[in-house]
Amino acid sequence: MFEVTRYATAAQSIVEAGRLLYERGWSPATSSNYSARIDSNHVAITVSGRHKGQLGAGDVMVVDMEGLPVQSNAKASAETLLHTVVYQLFPDVGAVLHTHSVKATVLSRLIAPGAALELEDYELQKAFSGVATHEGVVSVPVFDNTQDIPALAAQSRDWFSAHPEQPGYLIRGHGLYTWGATMADCLRHIEAFEFLFECELETMRVRS
Amino acid sequence: MFEVTRYATAAQSIVEAGRLLYERGWSPATSSNYSARIDSNHVAITVSGRHKGQLGAGDVMVVDMEGLPVQSNAKASAETLLHTVVYQLFPDVGAVLHTHSVKATVLSRLIAPGAALELEDYELQKAFSGVATHEGVVSVPVFDNTQDIPALAAQSRDWFSAHPEQPGYLIRGHGLYTWGATMADCLRHIEAFEFLFECELETMRVRS
Amino acid sequence: MFEVTRYATAAQSIVEAGRLLYERGWSPATSSNYSARIDSNHVAITVSGRHKGQLGAGDVMVVDMEGLPVQSNAKASAETLLHTVVYQLFPDVGAVLHTHSVKATVLSRLIAPGAALELEDYELQKAFSGVATHEGVVSVPVFDNTQDIPALAAQSRDWFSAHPEQPGYLIRGHGLYTWGATMADCLRHIEAFEFLFECELETMRVRS
Amino acid sequence: MFEVTRYATAAQSIVEAGRLLYERGWSPATSSNYSARIDSNHVAITVSGRHKGQLGAGDVMVVDMEGLPVQSNAKASAETLLHTVVYQLFPDVGAVLHTHSVKATVLSRLIAPGAALELEDYELQKAFSGVATHEGVVSVPVFDNTQDIPALAAQSRDWFSAHPEQPGYLIRGHGLYTWGATMADCLRHIEAFEFLFECELETMRVRS
């Protein structure tokens, strides 16, 4: 059982995030899924297949940490387990956002298999929680895309158990996962990632 | 004869689609035309030459399945037959949108004559109705541009009779045609196509 | 003497055009100037140096066909003669817009001296008044930039006397001039030009 | 002591600038900082780490010309000294804006160490206060990024003491600093710089 007003607050933060992310073009064509923690056992998460710029009452359901619906007949996003893995791994995380931008999609397809995207010497790296200088490296792993979500969930759990300080990951040809203590932190991470993806692609364009 | 409120509903969906598509830059300079099915014999369609971001009462007329005006003195879009062919071919289609984006225009000019644009390994392919995985191929034929619309109508009828599962086509240097069971489905297809066109062009930019 | 309400109507069309053009990014940093014909001897035109997205009462003055202020102490745009030349040459023209976009600026610097930008096989060429097919060529001359406006006015008069069917011109590293029978026609021309400039640049990007 | 209503007016100009700059994508992810002069000894400046599109009462504090807080317990931006140096150097400057755009970031990383970005033959150079023709050169120095702000403050003071006519500078991989007599002048400079950065990058893209 969960506190209902905590669900309502989490759902509202998701609805508002959807409006922002759709407007930016990062959640087109009913893609993407978003979640916010209710408590240690429950997560509010978008129902599968909804228009992310037009979320309303009825578009955010509750799942437990195994990704099973709680008090709901709706179908949770196919990628629910990729969210719950993050909440289980990091007790301080309050929100997880998964977006599908052109930049994330293209860049993830250009990175060589097995390699990570390495971001360095950008002042904007300081937008990631815990980063205080441009002089370090932010490593963004790129996992191969698959429709086998439990396998992807296990892969992400393993990688972030070993690299808990890193702020997110890419799925090849698919999109970005990132998280934060609050929804505002998580949105800041999305903005920072999209900025840095654009910088990387722009540099490739003029250097190619 | 058609049910008047079905016309009014169809017309409203067209007006709203126009506002969205113009704002995105996909229907500039009075280009593009849109339609929605009224019944098995009638289609609501934009009057020729109107500003697509400012459609209002008087900008959506009715045609029959041969593209002839019904209860109207207005001039239907020159490309009306390209719409009615789709409705005749697919009884479940409720809306057809034709847009003119920079990406569709440029990409269609870069594809070799006779070749199709092939989209694969993109998670966003799942935005097309009936596609459940990124592992297939979406084939987008590119027809040569012509002012001879009946010829183009026949060409599109032949191609989609043979490939009914494909979601749309390009006309070289001109634009995109796509459709869906509802206007919302059709708009989702436009968004998915534009996303994928941008991905293809961005990849070409950084690899050139 | 001019009819005052004709001035007011012309000024309003300029204010509204400014809002649209600034929002699109085509008139940044107080650049650009716009005009609309009042009658055969008078033109409403933007006062020099105003923010084009925030035009209001007081930002549109009147000049005669020699570009001299009428009933005004304000300073007309430095490029006023480039407007009046068009009105003198084409009695049917009701509006002239000059914009400074990134695309117009960059493309005009890439065209070889003495050459014109030639646009062909684009369906959107039909957005220009009098063009009925994609199969012709729209020729856009590129004049070298200069602060000597009377010289540029003479150059544009000579070129368009010889090519009255062409819809506009570029000044190198500076911007676009186009016109139309009404302000709506002129705005449609701007949209069409910007679309086609973007197509040309995008093609250069992926082919370079 | 400072005149309170001068603080309030300065703060309001900062809040409004933030809304504009965030919307343009030039101050993402809580980056950037803005200031406006109150009097010869006091400057209103953004509190560290706030969302620049959502600034409100409580997000603009006061510092003196050494960058020390006045009547405030808030933490000023880490880069406060880069602002006060400009006010000390130029008594006529009323506003300083520091932004983080993709274009400024990428371009500043592409300029060779020790070199300046040189802008010439652009009509839009006339948007910078004191520039009357496209025929001169605007020189934009690129300082290496560092977390040692006093060192960067000294470097910028030295360079602009020698080149007081130049309108701004870049920090490599970080962003742009520019200023003006009023906030409107300063915003015009930002727009002009971003326009010119985009022109330079676009030219590199199509020529690479």
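By written order: A, B, C and D. Residues from 1 in each chain.
Note that in this section a residue touches a chain if its C-beta (ideal position, glycine included) is under 8 Å from a C-beta of that chain, and two chains touch if they have at least 3 such contacts.
Protein names from UniProt, one per chain: A, B, C, D = Methylthioribulose-1-phosphate dehydratase.
Predicted, not measured: the structure shown is a model, and the values here were computed from it.
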Numbering shared by both copies at the subunit C-subunit B contact, with half separating same from different: different
Chain located farthest away, centre of subunit D as origin (C-alpha): B
Whole-Å gap between the CA centroids of subunit C and subunit D: 32
Approximate Å spacing (C-alpha centroids) for the pair subunit B, subunit D: 46
Set of subunit C residues in contact with two or more other chains: 205, 208
Arrangement of touching chains [line / ring / star / complete / other]: ring
Pairs of chains satisfying the touch condition: A-B, A-D, B-C, C-D
Subunit D contact footprint on subunit C (complex, rising order): 28-31, 51, 100, 102-103, 105-106, 109-110, 145, 147, 171-175, 201, 204-205, 208
Residue ranges of subunit B in contact with subunit A within the complex: 121-124, 126-127, 132-135, 184, 188-189, 191-192, 194-195, 198-199, 202-203, 205-208
